[in-house]
Each structure stands twice: as structure tokens, then as C-alpha cells.
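To start, I am sharing the structure in question, which I have written as C-alpha cells.
Note that the chains are named A, B and C in the order they appear, and that numbering of residues resets to 1 at the start of each chain.
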Amino acid sequence: MKHFITTLDWSREELQAFLDHAKALKADPIQPLLKDKSVALVFFNPSLRTRTSFDVGARQLGGHAVVLQPGRGAWPMEFEVGAKMDADAEEHVIEAARVLSRYCDIIAVRAFPKFENWEQDRRDHVIKAFAEYATVPVINMETITHPCQEMAHMLTLQEHLGQVDGKKFVLTWTYHPKPLNTAVANSGLIIASKFGMDVTLLCPTEDYLLDERYMNAASEYCSQNGHELTVTHDIEEAYDGADVVYAKSWGALPYFGRWDAEREIRDQYQHFIVDSEKMAMTNNALFSHCLPVRRNVKVTGEVLDSEQSVAIDEAENRLHVQKALMAGLIGD
Amino acid sequence: MKHFITTLDWSREELQAFLDHAKALKADPIQPLLKDKSVALVFFNPSLRTRTSFDVGARQLGGHAVVLQPGRGAWPMEFEVGAKMDADAEEHVIEAARVLSRYCDIIAVRAFPKFENWEQDRRDHVIKAFAEYATVPVINMETITHPCQEMAHMLTLQEHLGQVDGKKFVLTWTYHPKPLNTAVANSGLIIASKFGMDVTLLCPTEDYLLDERYMNAASEYCSQNGHELTVTHDIEEAYDGADVVYAKSWGALPYFGRWDAEREIRDQYQHFIVDSEKMAMTNNALFSHCLPVRRNVKVTGEVLDSEQSVAIDEAENRLHVQKALMAGLIGD
Amino acid sequence: MKHFITTLDWSREELQAFLDHAKALKADPIQPLLKDKSVALVFFNPSLRTRTSFDVGARQLGGHAVVLQPGRGAWPMEFEVGAKMDADAEEHVIEAARVLSRYCDIIAVRAFPKFENWEQDRRDHVIKAFAEYATVPVINMETITHPCQEMAHMLTLQEHLGQVDGKKFVLTWTYHPKPLNTAVANSGLIIASKFGMDVTLLCPTEDYLLDERYMNAASEYCSQNGHELTVTHDIEEAYDGADVVYAKSWGALPYFGRWDAEREIRDQYQHFIVDSEKMAMTNNALFSHCLPVRRNVKVTGEVLDSEQSVAIDEAENRLHVQKALMAGLIGD
């Protein structure tokens, strides 16, 4: 039994096998691969795409999803081992994971960081606790990485570009009125570098570098594939000749928990919005974003509605890759 | 592909075909008409009947419903095209509708008015935006009309009265402590007049007339069927000889957004409650209400529990007509 | 048609038949016993196990569950017959029960006490109202008793002990920072005494005795089986020679609604926590708790994670007994 917590745990070949299965399921979506199986979807944060695509996907494979929202209809939960539970939490993840494992064949978990202390959040302790105590496979529906999104992104790139090796992939930070999770940014960096792309990270300042765990992993993957991870704060340098522009906003890690101070910096970089002028500098690049996206803040409506935009395809591909993942993890 | 946003868009014959199919499905409820299909139920407002009947109905047809509550478990949503999304909304309906269309075969939407500005609310912009950007059929689960309720109401009248043409239909305003949506009132007026009934609208004052869009449509349908739409503020005149009494409360449109002022008027008309004394003036009329209903405020328990009350039948018929609608829209 | 509101309404033989069916379903879980049937799960309070196990259970039997949360996504509800509904409630249980009976084949209800007035709460009026107006079987998912938990508990004891008659069963009160529902305590007392166990109730003071309805029933069941219901405030006396230790916290009934006063008493009995020292006094007793459980407040992690702990088995058995109950109630 193997969990799907982060793609760092999986080889490119293993991930490509899931992608190949996803392509097959996209062509022929109704298959009894999860017949009479149940999947618990545990949401500590909101969702539209993830919830719908897992639910519909389980059903198309003959299975069934149960949506649980701890603290909103289900009990608030404790994660620290050995805690004396005399505060708000009524249930420990030990019991929750063990019990859900008796009812369901897969447990999928969404647990965003708390945005107070990055050293704490980077431990990814919620999903790791589920993985430790569950006796069925656990799937990450976004914590501090978003591996299902990565897979959908890569499937989309392969559909549109064929071979992705050596293509210039630009992950661009964009402005957002709130300091967001780095999960999709971490994931974008990892998947592109692991699959042999020539990766550039564009962000306003050094404060917006991603966690070293993901920077180092991306750097290493790039090296293994004969590239070098490029980090730049120069918009023109980044967009020049890009084959893929992937946009995401995130809060600066050194300011974690001090968001008022961070906001003063962030507010200065609203011009990082993806617009037609920037896209014109690229090699007719594909544009994508994980959704939800704030129109005319992170990207103009013009770019988002253009033929180069594959954001809706990427969202659709969530369905197909997650079906492949569920079937693969259960079949193991 | 055609949406089911308002019955104004559909002919009596087309609607009757749905009703006939609903009658057949009521007799023989398990049919594979939505086999392996998924229906997104997007609720911006609460629901018991609508949520249950769509969910059970999809299942009885071999399909599957996914319940989404934007702002409560799913992302808050923007509807204005071209908006710079720097406020609360994280997701634009353009993306939501396009993405849900990739996952699901039908999108059903409940979006009540905001009750601040009728000129704004009467645009019905939420469901219209879904209809514009979705690439699958969209069904109205109540916005400023409630066409599924209309259909269930008409099915119930046909079951109890047979031919409804020429029967006296009274839509009576009733008191309610809050200023409610006009949707069911608009819908009651339209469906009764479209199906050839002799329609009377009973309301306290001219302030409680419905929007001219629906008043005019009802008036025209009445004319086409050789009747005249009657508007009265006289309780006895309205109930006299009625074959059907349909009760609903709504807020006065000229006072929209100024509800404290409206309340002073509304509070004077608590005697519009449907009771046995009023029902005795009718031609042994059927009574109905769309539910939920406040007992002993809008209607007495005595009337609601009487043999003339068909409110529970009407609620049941929501299931059957919605199954016919889902099957019909997907089959088109 | 018979409801499953409290095990007081059912004989030991009838309950054993459900348990036997549950054992068979545990061995062979996929059966078409609810094929094309729908179950409404009405939650007035949070749930993880109950919601998941009913949902998965219905599905494994070929059926389908609909989760409704009145006041959170569904309309707030009125329960008093004859009420003039001019406050918050938009819907009366009369309509809700009648309408859900038209859509679904079973209605299951969770409705905790309001914790203000025990004389009011002990009427159990929410589920009784559903039972009165529903035209399909109603199942109690926890009100002032928790009969599904009882059944799962008894199934677990039978699995581990074989014949339970004459075994020493200790229901021990434990500390919890909030005054909790007596439901599981009432249920533990009833099921153990009904099935012939030698029952001891351990609680801090006379204030923590359970409602006389359940004390008397347990006492009578004990007498019928040749035992005597023991009540003690002495920890050693209770644990000595026990075969089963079942832990639960609850608020003192004489202080109902005056929880600040009750807290002063409750806070003095934190040493009622189940720990290894106490368990060492038993006859190698099984330990269980209904979950959720606060670790290191009600029971130490050491006991909960020990081989004697059957809490996870009991949670799993919720699935199996509820499937037997649903199938049995519908088949009647």
C-alpha cells in the first residue's frame, strides 16, 4: 500500500503510468475499477473542482464518495500525538483515520496551512497523520503541495505539447489581495522539473522564493535532466521564449504570520498580472492556472479566454488523473 | 441544447410533454435515463425538497448528483463580466460554469434575489450567467421564478382536476414575518394562465402587484385562452367560487430594499391567512403551497391538514417532474 | 411498519436477529437489500462515523443516502404541534416528515438535547415527531439514546466475548470539559442489562445518576436476568473483576441548564479518566468508547491503543448493524 501525498515520493515513470491510464480513462470514462468501493473526501477547506471531480470520478468507476467537513458538520479534530485534548477538538486523527479506514477504501484529505507559522505548516502534519494511522491509501487533495493538480497540469501539457522535455516552463508569481498557499507553486515547480522541462521561477523578490525543500528538489530534477533551475525577478527575461506560463499567487515565506507587513511588499507587484503584452513575449506559450482564479487581478480576462489558455482543460483533467490515481492506489 | 430557466421560454405543448413523462415516471420510477450521468446542484440558498428530490431523482434514473454550496464549502463567486476581482469572490461564474460542464451533464442552480435592489435582481443574472457559460443544460432550482415548482403544481392540479382549462385559480398573497421572494408567485401566475385557467391575483394593495414582466405575460396568456387576468384586493371576491387556492407570501416590490417601511404595511394584512372560513367560500377548492410553509401564519393547520390540501402531493411531484426535465434536457 | 427509536421498544430476540444479520453482512457486505431505495439522513448535530457509515452502508446495499442539515443548508424546523410559526423556523416537522416520506424509504434523524431543560429534552420530541408524521420507518441516529451505538457495542462484545450473559459490565462516567449528552450512557446501560450482563454504573456522585426511565429499565432487565443493577461511586469496587469497561462522560441532570454550577463539581472528578492502573484491577477487561473520544482526558492514549481496546471495532460495527437495521425495517 502506498499513499499519494507528494510526487517527490514517486518516480517520473510511475507518474507517467498514472497519466497514461488517465488518458485511457478520458477516452473511455465508465469502468468498474472502484466497483462497490467508497472514498472518504475529508475537506478542512473549501472546494469546487476537487470535490466534484473526485465525487464524479468515483461514481464513473462504480464507486462512491462521502464528503466530510470536520468542524462544519463533522467533529473538529486534533493532530498532535499525546495531546491532552481539553480544548476544542473532540476527535483525534488517530481515531478518525482508523475508523474511516474501516468504512472506506481510500481517504483523500484537503488541509491548507494555518498561515501562522511556516515551520509548523511545512511539517504537513495533518495529511501525514492521516497517512500514518490510516490502513487504506491516502490521497493529498491539497495541503502544502497539490499533487493531483500537478498531474492534471502535466497531462494537459502533454496533450497540447506532446513531448514536454526541454520546453521552457515559467512559473510566475502574481498578485492576489490575500497571502495564498504555496502548494500549487511548489507542485508546479516539481512536476515541470521532474518531467525534464527548462524551468524558470519568476517572482518579485527573494522573499517570494519557495521553500528550500521544493527549490532544492526542482533544482536537482533540472540537473538530472541537463537543465538549470532559473530564478529571476525580471519579467521580460522570464517570459522571453516561454512555452508554458503557469500563474499562481502566494504569500512570502519570511513574512509568514506577519501578513500586514508582507502586504506592503505584495501590493507593489500588482503589475505581475499575466496580460496579452507579456504573453506576446513568449513562444506562443500555453497559459494555465489551477483555478479558482481572480480575473483581472492575477490574469486578464483576455488571456484567460484566449486560445492559448488551457486552464479549463487542466481542470477537466483533474477528473481523469484522479480516477487513475484512485484505481491505481486501490489496485496496488 | 436548451436550458430550463423559465417556462416563458417553453410552449404549453412542450411543458405538457414533460408532465406526461413525469406521470409515466411516477408510475414506473426506476429507469436508466441518466445512466452514468452526473448533475451538479449549485445552491446559493437553503433547500430540503429541491436538494432531496433532485438527488433521489438522479439516482432513480441511474445517475448521480453532486451538491455544491458556494460560500459554504465551495468558493464564493463573482458574476459581473469584466470585474476586477479584488473583493471576496475567489471564482468567476465563467470558470465555474465551464469547469462544471466538463464534469457534469446538467447544472442546476438555486440563487435567490439579494433583496436590495429589484432592478438588479430582476435581471436574474446568476442563472443567466451559468446558462451563458455552461456547455450543458442549466435548470432553474429557484431564482426569481421557480419553474420546477410550477411544473409540480400543474401536475398536481391535473391529477386532481383532470382538465384545468377554465377552472378558477386564485393566487393569494399571505402574511409572513419576512419579505419573501416573488419567485413562486410569479411562477404560479404564469403556469396557471398558460394552461388556460381563469386566474385571479389576490393581494393587499397595488404595492403587492408582481413584476410587470410576469403580470403582462400572465395577462397575455389569459387573453390567448379567452380569459382575463383578474387583480383584486377583496378577499371575498377572490375566494368566491375558486377551484384552486394557491398561497404565497412576498415582499412589495416598490419597497424593495426598504423593508422596515414595507413591514409596516405587511403587518396590517395578517388576516390574509388561508383559513377554513375563507375556504368555505370556494367551490370546494384545492389548497396548495410550495413549502416550506409557516403553519398558522400563512395558512391554518386545519386547512393544511384537510383533504383539500394537496401541498404534500405537489412536493412529491417535484421528484417526478424534475426527473422528466433532466431526462428530457439531456436527451435533446 | 416499525420505527427504531429506542431499544426499549424491541425484545432481546428481535435485537439479536438484527445482530445476526449484521454478522452475516460483515462477512458478505455487498447485497442488493436496499436496491434503488433512498435514505434521508437528517442531522441537527455534527457527525463523522454516523454519516459515513449510513452513507456507505446504504450504498453497499444498492441504495443511496441523502444528507440533510436543517439550519445549515436546509430550513430551520418547528416541532411543536399547533405553533404559530412566527419565529425562526420556516418549516414544520409535519411537512418535512411527510415530504421526506414521499422521496425516501427510510428517515434517520440525529437530534441532540438542547441542554437547557431536561424535562423538555427527555420528551425526545424531535424524533418522536418525525416518527409520528413519517409514513416510512424512522431510525434514531442519536437523540437522548443512541440505539445504533448500542447495537454496535453489543455486536463487538459478542465477537470478543462470545456469550455475554453474566459478564461484569462497567459503565464508567469520565470527565470532559463540556457537559455532554447522556444518550450513550443510557444506551450502554440498557443494552448490557437487556442482554443479561452483570451491570455496574460508576459515577462521581448521585447527581450523575441517569434518568430514572433508563435506570429503572436497566434495573428491571437486570432482575429479569437474575442480576442486580449496581450503582457505585467507588472506582476500585467498580473496576474489580470487570469484563468490560465502557467509558462515557455526561452532564449531571439535576444541574441541567445550570452548567456553571455543574462544572465546579465535574472539575473535581478528572481522576475518573480510564488509565492502565484502573484497567489492571479488571479481569483483563475489554475497553470501549463510542467515539469521538478526547484522548488523555476521558481515557489515556495507552489504554485506547492497547489490545484490550475495541473502540475501533465498535465503530466499524456501526456500519454492519445499521445495514441490518435498514434492511430489516424496510423488509418488514
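Throughout what follows, a residue touches a chain if its C-beta (ideal position, glycine included) is under 8 Å from a C-beta of that chain, and two chains touch if they have at least 3 such contacts.
Bear in mind the structure is a predicted one, so any value in this text is a computation, not a measurement.
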Open item on the list: Quick check on chain A against chain C: do more than half of the interface residue numbers occur in both copies, making it same, or fewer, making it different?
Closed with: different
TODO: In steps of 5 degrees, what rotation angle do you get fitting chain A onto chain B on the CA atoms?
DONE: 120
Task: Geometric centre distance via CA averages, chain C-chain A, whole Å - done: 40
TODO: Find every residue in chain C that makes contact with two or more other chains and list them.
DONE: 72
TODO: Please name which positions on chain B make contact with chain A in the complex.
DONE: 36, 38, 40, 64, 66, 68, 70, 72-75, 78, 81-86, 89-92, 94-96, 98-100, 102-104
Open item on the list: So in the complex, the part of chain B that touches chain C is made up of which residues?
Closed with: 30, 43, 46-49, 51-53, 55-56, 59-60, 69, 72, 177, 291-297, 301, 304-305, 311-312, 315-316, 319
